[in-house]
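Shown below is the structure under consideration.
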Amino acid sequence: MNDKLTHFDNEGRAIMVDVGGKPVSERVAIAAGEVRMQPATLRRILDRSIEKGDVFGIARTAGIMAAKQTSGLIPLCHPLLLTSVGLEFDSHPDEGRVEIRATVKVGGQTGVEMEALTAVSVAGLTIYDMSKAIDRGMVIGRVRLIEKHGGKSGSWVREED
Amino acid sequence: MNDKLTHFDNEGRAIMVDVGGKPVSERVAIAAGEVRMQPATLRRILDRSIEKGDVFGIARTAGIMAAKQTSGLIPLCHPLLLTSVGLEFDSHPDEGRVEIRATVKVGGQTGVEMEALTAVSVAGLTIYDMSKAIDRGMVIGRVRLIEKHGGKSGSWVREED
Amino acid sequence: MNDKLTHFDNEGRAIMVDVGGKPVSERVAIAAGEVRMQPATLRRILDRSIEKGDVFGIARTAGIMAAKQTSGLIPLCHPLLLTSVGLEFDSHPDEGRVEIRATVKVGGQTGVEMEALTAVSVAGLTIYDMSKAIDRGMVIGRVRLIEKHGGKSGSWVREED
Amino acid sequence: MNDKLTHFDNEGRAIMVDVGGKPVSERVAIAAGEVRMQPATLRRILDRSIEKGDVFGIARTAGIMAAKQTSGLIPLCHPLLLTSVGLEFDSHPDEGRVEIRATVKVGGQTGVEMEALTAVSVAGLTIYDMSKAIDRGMVIGRVRLIEKHGGKSGSWVREED
Amino acid sequence: MNDKLTHFDNEGRAIMVDVGGKPVSERVAIAAGEVRMQPATLRRILDRSIEKGDVFGIARTAGIMAAKQTSGLIPLCHPLLLTSVGLEFDSHPDEGRVEIRATVKVGGQTGVEMEALTAVSVAGLTIYDMSKAIDRGMVIGRVRLIEKHGGKSGSWVREED
Amino acid sequence: MNDKLTHFDNEGRAIMVDVGGKPVSERVAIAAGEVRMQPATLRRILDRSIEKGDVFGIARTAGIMAAKQTSGLIPLCHPLLLTSVGLEFDSHPDEGRVEIRATVKVGGQTGVEMEALTAVSVAGLTIYDMSKAIDRGMVIGRVRLIEKHGGKSGSWVREED
């Protein structure tokens, strides 16, 4: 693994690093995170979903749209033509915990880790926003890269403990 | 505290809830979060800052700009004219941990919790982006509201354990 | 009703007209439109909704978010702090027709007709996008203001035939 | 033609579908729509154009800019590097009707129908905005795809009655 | 006039400064700038305008839209509800020089100098973009504040030499 | 060099010109500009940088982010996947002058002159914004293309006098 912070040039100035010499390759990134809340809050979200409201549906839409805005949010992130974005939500009602997982793909000169992490973050923020009237104490946590594939550095898979 | 999910109307349809009847009041929200990384990564960030590069400076700018984009990212969030946004970074090199704290203010009809949480999240994502070449395993976590003041529901302060 | 095109100054140059002298008042606008499609397409959308997918849910989210972007899309439209946005979809399966209705509110110096019309248009485009693989011939039509209230010109209600 | 709603995965969750396996090809889409108004309103627009103001010029600019924002407005729409966007306006003063037609091109993995339809819609909304002070009753209608070419599904041409 | 850089807090960290304590007042800013080009280029622009094309019309639209995006472009700039934006172009064909002047108004807690300067800059960039195929050597210059009124610091008028 | 304004079609209507037939090639553009201010202002900026605040660091971030937004600001500009953006600031304290220089690269069907010029302009506006409390008279000037390479028209290098 590289041992310098590549977002700075030789004189320490921030740059959007030149990826022009890299070949276009298929790239995938999977990121995950979680929202922790009162179990009663999660039951309310799930009940509501069973009726008509759909917190996870709106959070999924927000996460997909955010993935497409990543290079506008993260200063040194390259614009990319995402070819696929998907989000999954996995509820653990007894723990009051929702797992969020985003998978992003692109054919491009740089990876989509930031897009996947941004999708997870914004989906988590949306769940918070829609539920905060009943539970202000919710915590968004463990936002992390799970795996990535493609590009010169090849595959990386998190070793979870 | 309210016991219904206010982002749905009586038939369960998502709405941007009507805040038109609420009085304008001064509101403040403080949110926090952290990025965990290898201690060596944080030392690299801090060394670089001491020279010329400035990961935290860029993350602060990204967080401030993201706070202003919140209503464009979070579907049911109201647009607001933020009057103040600030971010602080507190480094714990031995633990490889950076605490991020955002304070947002507004005079408006609804609170700025989402703006503060969005600023923290995007600042954390920016730190990840700028350091990921040397440490892909970083984790953004504990993104949470610390306190809020103003509005009908008044003050709320997290009881941290 | 005014008899000049107020978006031009005395020399015919486009301007974003000065609303600074107008009082702030509560304003509401309701707009509507429709998407016409094969009855079989609408049945597919409705079946899918009954299962898990939710075309109207995503179109509602898109419409709400678009309402907030209106002043970025329509060149001479003023930015406004919308206080409420809601969308309803009313399906007529035998006709293959979906009615879309958006209600937008603000306390401001100018009205929200454009925000309501933009919400309807983008919701219609989203329905088209999500269904076009099975029915390219869909038509978005009758996008129009239904009523508006507030402001110096007061109330206006469409007389539908 | 496909018989499933491709914007949902096998479990009914919305996704931005994977177009990564599709070849890049030249694609064109032409969409059209119309704005109906009082004949006197259209005469005012046309007279103004003959002087200096230019409703259609501003609507054309708005439509071109909106085409570039399509993937930010329509949740499951892929970002694309549009290579060409053009809009035409065809006035029928006796009927009080303006036809809008947009042509969009790209070399990409997915089509530009949504971009052409969005350009037409936003151009129509801009005409409405600039003329609403003299005619609130205008209707934007018949927004539809006229033809598309390129991609695996090849050409599609609307059969108008 | 203030003698410290107000965009930094006491520890030198960038902040979006707190304007919450300032009263809302009517504010106006006028900015100007110029584009210098070959006289033949300006004649081409003017001839084209006399026919149908309209470089200044499109640059005016771009400048108005950019004024509304200012707080998204300039990191520490406050969002504001602009109440009026106008741009004028004054051609000096013999010198190959176009003067651009923007006037922006708001009722708010902070001024609109940046909005007026941004409108001028983007209008100049648009003129460059539309004419660069015939004259790459054009120069955008003298972008400056001409006058401002309102707010605690009151009026400021440039003394031009 | 071309002798027609390519942003209009044969009937004088603005279009985003078709670049679909152009080959993808590596393209570079370098633009420059300057901000003129009181020498005391520049000393204040430089002192502040030596402490902790960093006007040029924030202006660099703003310029990089603006380069990525160029096609959203300039109406007829094509979207592009920038592969590299960098900005340099060169201070001349005795003259009270800061030179800004931006270098932008892409592999694409059209050039990046506008992206480089936009980066310089927004960096200059950011310097103005952050220093205006102590010097309203600053002037942003001489924004111009320095050189470009790649594409059918090949290299162009400004002959400075």
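Labels A, B, C, D, E and F are assigned to the chains in the order they are written; within every chain, residues are numbered from 1.
One rule holds in what follows: a contact is a pair of C-beta atoms (placed from the backbone, for glycine too) under 8 Å apart; a residue touches a chain by one contact, two chains touch by 3 or more.
Here the structure is a predicted model, which means the values were calculated and not measured.
*Asks:* Which chains, if any, touch chain B and chain E both?
*Replies:* Both-contact set = C, F.
*Asks:* A-F or A-C: which has the larger count of contacting C-beta pairs?
*Replies:* A-F
*Asks:* For copies chain A and chain D, work out whether under half or over half of the interface numbers are shared, and give different or same accordingly.
*Replies:* different
*Asks:* List the centre-to-centre spacing of chain A and chain B in whole Å, with centres computed as mean CA coordinates.
*Replies:* Roughly 16 Å separates the two chain centres.
*Asks:* How many angstrom lie between the CA centroids of chain C and chain E, rounded to a whole number?
*Replies:* That gives a centre separation of 31 Å.
*Asks:* Taking the mean of the C-alpha atoms as each chain's centre, how many Å separate chain B from chain D?
*Replies:* Taking the mean C-alpha position of each chain, the two centres sit 37 Å apart.
*Asks:* Provide the list of chain A residues touching at least two other chains, using ranges where the numbers run on.
*Replies:* Residues 13-14, 54, 57-58, 61-62, 65, 69, 72, 75-76, 80-81.
*Asks:* Tell me, which pairs of chains are in touch?
*Replies:* A-B, A-C, A-D, A-F, B-C, B-E, B-F, C-D, C-E, D-E, D-F, E-F
*Asks:* Give the list of chain C residues in touch with chain D in this complex.
*Replies:* Of all residues in chain C, those touching chain D are 1-8, 11-14, 33, 44-45, 48, 51-55, 58, 61-62, 65-66, 69, 72-77, 113-114, 117-118, 121-122, 124-126, 128-145, 148, 156, 158.
*Asks:* Report the residues of chain D in contact with chain F in the complex, numbered from low to high.
*Replies:* Chain D residues touching chain F: 26, 57, 60-61, 64-65, 67-69, 80-88, 105-107.
*Asks:* Which of the residues in chain E come into contact with chain B in the complex?
*Replies:* 9, 13-20, 71-72, 75-76, 78-81, 108-109
*Asks:* Considering the complex alone, what residue numbers of chain A touch chain C?
*Replies:* Residues in contact with chain C: 54, 57-58, 61-62, 65.
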